[in-house]
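Below, subunit A partners subunit B and then partners subunit C, in two separate complexes.
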Partner chain A sequence: MASGHAEHPGNPALVTAEDVTKDLLGKHEGTSNNFWRVASVFGILLILGIIGFVMRLSDGVSDTAVWGYYAAMFAFILTTAQSAPMVAIAPRIAKAHWRRPISRVAELWTVVGLFNLLLFIPMLWILPPLSDGRRSLWFYFDGGDVPSYSPHIWSTLAILGLVVIGVALLWMSALPDFAMVRDHAPDGWKKRWATRLARGWIGSSAQWNMQKHRLGILGAFYFMMLIFVHFLISVDFLITLVPGWVDSLFPITHAANGLQAGVATVLLTIWALYKFGGYKDYIAFDQIWALGKLLFALSLLWFWFWFSSFNIFWYGGKPEEQAIIELLMSGPYRWAFFGVFFFNFLFPMWTMMWNPLRRSTWGPPIIAASVLIGTFLDRIRLYVSAYSIDGIGNPAINKHVVVEIPETIYPSLADIFIMLGALGGMVFIFLMATRLIPIVNIWEQRELKLYEIHKTFHRTVVKVLGKPD
Partner chain B sequence: MFAKRSVIGLYTDEEAAASALDALREAGYDQGEYEVLTGTPYPEGTFGEEEPKHTLYRWPLIGAACGFIVGLVLTSGTQLAYPLVTGGKPVLSIPPMTIIMYEGTMLGAIIFTVIGILIESRLPRLFMGAYDERITEGYIGVTVTTSEERVGTAEEVLNASGAEEVKRGWENN
Partner chain C sequence: MQDHIQLDQKQINDDLLAGVLGMPKWWLPAVLFLTLVVFAGLGSFGYMMNKGLGVTGLNRPVMWGFFIVNFVFWIGISHAGIMISAILRLTQAEWRRPVTRAAEVMTVFSLMAALHTPLFHVGRPWREMWVFPYDFARGVWPNVRSPFVWDPSAVGTYLIASSLFVFIALIPDLAVIRDRAVNPLVKKIYGTMCLGWRGTPRQWKLQAVAGILLSALVLPVFVSVHSIVSWDFAVLIGVEGWHSTIFAPYFIIGAIHSGVSAVAMLMALSVWLWGLDKYLRPDHFDAIGRLLIVVATTWFFFFFLEWVFALYTLEGVEISLRELQVFQWPYGMLFLIFLATAFFIPVPMWMFKSVRRSAFWMFFTTLLVNVGMWLERFLIIIPGLVRRQPFTFDWGTYHPSIIEILIVAETFAFVALGMLLFSKFFPLIPIFDIKEGMVVRDEIKIGRRIVPATIRE
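Right after this comes the complex of A and B.
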C-alpha cells in the first residue's frame, strides 16, 4: 500500500494555518457593496417595524387581541435566532470537526437575543397580572398581598440570564479571533474594538485551557437556560392565556421546535455564506449534509411531540379539549395548522428521505426554508389565537374552558410592519455583528490544521482527521 | 509583580519550543516563570508543559448552591408565610417550587461563572509581559517572567535552544 502525505485536494492557497488566518482576516476586513445593499434592505425593514410598533402602541396594551402578531414575532425569534447557538454547542461538546466553520455563525445569533430582549419589554405590559383568576403555575390568591406578577418577574430573569450567557459564550469563543484582529488588522474602528474586546489575550497555555473549559460550561448553561426559557414563555405567555389548555407536553414541543428551527436558521445562513459570502473553501458539503440530517431527525421529533399531545385531546374529548383542538387546529387557524404540518413535517420528511436531495448542497437549504416558514406559521397559529381569546385579564370570564372560539385575526398594516421589522431586525443585527466579529471561527480553523492530513490510499486521496483527548 | 522582567523567544518549530522549555527547566526556572504562547490551541502537553490548574468549576458550583438556597428559601418562605391548605395536602408544594429553585440555581451559576471567568482568566491582564504580534500569525512564543538578575540567563537559554528572535518585554511593550 502506498503511504505518505498526499497533495492537498482543496484550495492550494489554504494549506497552512497561516494561510487560513490571512485569508479569513482578509475576508473579515473587506465588505462588499452587495453586503451593504442587503444590510440596507433589512435596515429599512427594521425601520418599518419600529413604525408598526408605534402604530400598535397608539392603540394601548389593554386589548391583547391586537398584540397577537407581536407576541408571535417575539416567540419566532426565540425559536429561531436564540435557539441557533445550539448548533455550535452540541457538536463542540461532541468534538465533531465538521462544526468548525459554522460554529461562529451559530454563536453570532446570540447577539439577536439582545434585540429580542427589547421586544420582550412590551410583552410584560401586555400580559395581565394573575389577579384575572387564570390558572397558572404560580403561587397566588386573591385578597392577600402576594405579588400577582410572578410570570413577569421570573420570565424576565430567565430571558436576561439566557441573553447574558449567550453574549458571554460568543465573547469567550471570539477572544482569540479578537486578538488576531488586534494584532493584524489595519488601524481603524475594527482594530480599536478588537483591542478592547481581546483584553489581555496572549494565547498562553493557561488561557487556551481555560477557554476550552469555559466554552463547555457556558454552552451547557446556555442549553439548560434555553429549554427553561421555552418552558416559561410557552406556559406563561401562551398556555395559561387559553382557558382549559392543560398540556404538560407542550413546553417541550415548543423547545423541540426551537431546536428544529435553530438548525434551519444556521443551515440557511451557512448556505448564504457558501453561495454569496465567498466562504466555499470552508463551508461545503460536509456542513450542509450534517445539518440536513439533524434537521431530518428533528422534523420527525416535531411530529412525535405534536401527535402525543393531539392524542390526549382527541381521545379525552372533554368540552375544553375539543375547544383547544378547534382553536389551534381545526378552527379559525386551520390554514396555518395545515401549513405547519406540511412545512415542518411532511415536506422535510418526504424530501429528506430522497438520497440525491439529502446529499446535495441545495436540498437541505430548501428544507430549512420550509421549516422556517412552518415555524413562522406555527407561532402565528399559537400566539395570535391565544391572544385573541375573549376575557384575558378579566376576572369575570370563565377560566376553565374557551366558551366561544374567536374569529380569525388577520394582520393589520401595523402587524405587517411589525412582522417585517422583526424579521428585518434579526437579520440586520446579525449582519452588523459580522462586521465586528469574524463570521468563520479563525482559531478553530487553525486548530483543524493540526489534526488534518491528506493521505494517499490506494488510488485515491483521503483526509485523515485526529481528535484531541 | 511589576519589578519582574519578561522576555520572549519566538520559534517556528514546535520541537524547538519544547526543547526551550526543557532547557529552562534544566536551568532552574520554575513552572510559574515560563509559559508557551500560541495562536492555536495545541493539545495539552505538546511542549512538555504541565497541565494548567484552574478553579473555574468552583465558581458555577458556588453560584448554583447560592441560587438554589435563595430559590428554596423564597418558595418555602412564601408558602409558610401564607399557608393555604388545599384538599388536605401539605402546605409546601414541591413541584412548583422546583421551577423557582431551578431558575435560581441557573441564574446563580451564570452570574458566578461570568464573574469567575473575569477573575480566573486575569482579563484584563495587569502585567502583559513580553508579547509579539507574530504569535497570532503562527509563531510559538516562550516567555520567561522572572527577576531582573535571572533574565539574562533566560535570554541565553532561549537563544541557545533555537529561538528565531528573543525580545525583551519591557523594551517592546
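Right after this comes the complex of A and C.
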C-alpha cells in the first residue's frame, strides 16, 4: 500500500484539490490584454474571409473550378479542428492520465465544427447533382435511377451529427467545471451562463456515474461519426468528381491525415498555452512529448496509407491510374505534392527519430506546424485539382478517365481572403470558447490528485498511478 | 486488473518452470500424434515431388489454391506476436506480461509454417533460391520489381527479427533454469544460452533497451511483411478483385484480427493444459476481448470499404465476380460462414463481459474467427482466378486434393508441435516479466475504495 499523497509535481503550492480549483478558476477569470489583441487579429482575418466569400459568391456557383480553394479550406478544418477531439477521446478510453491537462483543449476544438457547418452550406450548391452520370456511392443495381441529391442529403446529416455529438461531448465533459464556475465566480455573464449550462450539477454519485458513462458513449460515437464523415466527404466531395479515380483506401488515408493533423493542432495549442498562457503548472513536457510520439506514429501511418495507394496505381499503370498520378502528384500540383511529402512525412520522420529534438520543448511544436502546413497543402493539392476537372456536371464528358489534365489554378484575391478567413475564424471561435469554458479541465485535474501519489521505493522516489476499472 | 493474485518469487519459479523441469502426462502422446501428422504431410509432399503438381487440385486457370491460402493465413497469424508484444510493450500495457512469450513464439513457428507452403507450391523447391538476386554465373536475374522477390526478404527479415525478439526476452529466464537445473549438461547448455546473465543493473538495463529497440525496429518489418504479401495480389491487373489499393492495410488488420484471436486461444489452452490460471486471470481475457472488439470492428470497416469500392466501379466483370463470391455454390455458403464466424458471431458475443472473462467462450469465439479468416483468404484468392479469363470456355473450378489437405494439416500440426516442444525447454510465460509485474503493482486507497495502481519510473 502506498503511503500518502504527494505534492503537485508542477507547483508545490498546489497541494490539495481545492488549491487546483482555485488556481484554475482564477486563470479562467482573468483575461489579459494580449489575449484580446490576438483575438482581434484573428477576428479581422475572419472579416476578410467574409469579404472574400462575398467576392467569390458574386461569380456564382456553376463553375466548380473557382470554388476549389473554398472546398480545400472546408476540408482543412474538418481534418484539423474537427479531428482534434480524438486526442481527448482515445486516451480517456484507455485511461491514460497524461491526457488530463490537455483533454479540454482538444474538446474545445469541437466548437469550430459549428463554423465548419456554416462553411459546408455553400458546398451543397457547388457540388453538382448525380444526374451527370458520374460514379457514386449511391448507386442502384438493375438500372434504377440514382437519386441526384443523395450525397448532399447524407453528407449534411453526417456533418450535422458530428457537430451535435461534438458539442454534446464538450458540454458533458464541462458539466462539473460549469458547476465550479457557478459556485465560485463573481456575479456576471459567466456565472449566469455557467448556472444555466451546469443543469443543477451537485456532484452526486449518480451524476458522476452518468457523466462518466455518457462521456464514454459520446466519445465512441464521435470517433465513429468522424470516420464516417471523412468517408462521405472524401468520396462524395472529392473522388467522384475525378473520372477513373477508384481508390478504396483513400477514405482511410483522408481520416488518418485527420488524426495526424488533429494531434498536430492540439500539440501546437498546448505549446502556446505552456509558453504564453500561464499553464506551466499543469501542462508539462510529458504532454508535449507524448503527443510528439503520437504524431510521429501517425505521420508514419499516413505515409504508409498513401504509399499503399500510390504503389498500386504505379504498378497497375492503367490509363486512368496514370492520369490520377499526373493530376494529383506529378502534374500541375507537384509543388504541393512535394510539399506534402516533405512536411507531412520526411520532416516529421527524420526529426522525430532524433531523441534530443523529440524530447525538447521546441521540437514537437515545430514538427506539428510542419504537419499542419503539409495538411494545408494536401487539401489544396486534392480539392483544387479535383474541382478544376473540366466538365464536372456535364453528362457528355467521359466519366471513366481524366481525358485532359487541367492547368494549375492559383489562388485569386478572393481565395486568399477565404483561406485567411477560414484560418482566422477557426482560431477566433476557439479563443472565444475559452472565455466561457475553462481551457484546462478542472475536475480531471482534481481527480488526478486522487490517483497520483509519489512514494519512496528503495532508494528512489517513484510515481504511483491508480487505474480504476 | 482487479482480480490480481500476489505471488512470491519462489512460487512463480515453481509454477512457470513446472513444464520445463517436469513433464505433463498428456505431453508425450500429444507430441507423438502431432509428429505423425507432420510426417503424413511431409510424405504427401514427397509424393507430390515424385509425381508432380498434377496430384494437386491446381489446374488452369486456378493455379493458386490451398497452399497460397494457407501461406497468407500463417503470415497473418504471425502478426500476433509483434502486435501483442511490441505494441503493448511500447504502450506499457500491464496485462501484456503473461501473454507476450507465447505470442512471440507463435510468431516464429507460424512464420516457419508460412514458409513451407510456397516452397511446396512452386513444385520444384530445389530452385527456390532463384528468387534471390544472386545469379552472377548465368546472368539470369529475377525481376526485382516483383513482390515475389520481396516476399522472401521481408519474411526472412521478420523471422530473424522475431527470433531475436524471443531470445532477448528469454535470457533472464534461461539464467533461472540454469540455476535450478540439476543435471550438469543441462546446466551447461542453459548457461551457454543465457550468455553469462547474472542480473546486474547494467545487464537489466541493456536487456530493457534491447527489448524497446527491437520493439520499435520490428514494427516496420511487421508492416512490410503483410503489405508485400498483399501486393503479390494487388499489383496484378489481370485478376478481378485483386487490384485494390486497400489490400495492404486490409491484409494487415485481418492478420492482426486472426493473430490476436490465436493468442486468445493460446491463453485458454495455457490455462487448461498447464494450469496457469494464477497468471492468466479473467482480467487478461477481458483485456484481449476488448482489444479484439476494436480490431474486429476496424477490420470490418476495411472489408466494407473494399466491397463498396468494388461495387462503386459498376464494371460488369467486377460485379459478376462479387456475385460469384456471394450467390453461387459453394462460394456463397463459404461467404456466409466467413462473415458469421469472422465478425457477426464473435463481436456481439464479446460485448458481454461474462463472455470476455470466460476462457471457454474466448477460446470458442476466437476459434471461429480463425475459421472465418482462413475462409476469407480462400474467398479472395480462388473466385478471382476461377473467372480470370474473358471467355466462358476458359473458366475453371478448383477442388483441393487429399495431398493439399494433408499438407495444410501438416502446417497446423507443425506449429502446435513447435509450441509443445518449446514449452518443454523454455517457460511459455516470461518469468522475469511476471516478477516485475508483481513488484511494480501497488494500490491506492481513495475513500473506502482500493484502486489498483502501478509504479512508474
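The criterion applied here is as follows: the second predicted complex is superposed on the first by the 446 of 469 C-alpha atoms of A that agree within 3 Å, B and C clash if a C-alpha of one lies under 4 Å from a C-alpha of the other, contacts with A are read in each partner's own complex, and residues count from 1 in each chain.
In this section, a contact is a pair of C-beta atoms (placed from the backbone, for glycine too) under 8 Å apart; a residue touches a chain by one contact, two chains touch by 3 or more.
Quick caveat, the model's predicted, so the values are computed rather than measured.
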Partner chain in contact with A:Ser248 - subunit B first, subunit C second, else both or neither: second
Contacts of A:Pro319 with subunit B and subunit C, given as first, second, both or neither: neither
Subunit B versus subunit C as contact partner of A:Gly60, first or second or both or neither: neither
Partner chain(s) touched by A:Gly26 [first = subunit B, second = subunit C, both, neither]: neither
Which of subunit B and subunit C A:Leu465 touches, first, second, both or neither: second
Partner chain in contact with A:Asp183 - subunit B first, subunit C second, else both or neither: first
First, second, both or neither for A:Phe139, with subunit B first and subunit C second: both
Subunit B versus subunit C as contact partner of A:Trp208, first or second or both or neither: first
Subunit B versus subunit C as contact partner of A:Trp304, first or second or both or neither: second
Partner, of subunit C and subunit B, that touches more residues belonging to subunit A: B
Overlapping contact positions on subunit A, where the subunit C interface meets the subunit B interface: 137, 139, 450, 468-469
Residues on subunit A engaged by subunit B in the complex (per definition of touch): 16-18, 21, 137-139, 141, 144, 146, 154, 157-158, 161, 164-165, 168, 172, 176, 179-180, 183-184, 199-214, 217-218, 221, 224-225, 228, 443, 446-447, 449-450, 468-469
Interface residues, subunit C side, partner subunit A - complex: 2, 220, 223, 227, 231, 234-235, 237, 243-249, 301-302, 305-306, 308-314, 442-446, 449, 451-457
Of all residues in subunit B, those that touch subunit A in their complex: 35-44, 47, 49, 51-52, 54, 56-57, 60, 75, 78-79, 82, 84, 96, 99-100, 102-103, 106-107, 109-110, 113-114, 117, 120-125, 128-129, 131, 133, 135-138, 141, 143
For the subunit A and subunit C complex, residues of the former touching the latter: 1-2, 135-137, 139, 227, 231, 246-252, 300, 304-305, 308-309, 311-313, 315-318, 450-451, 453, 457, 462-469
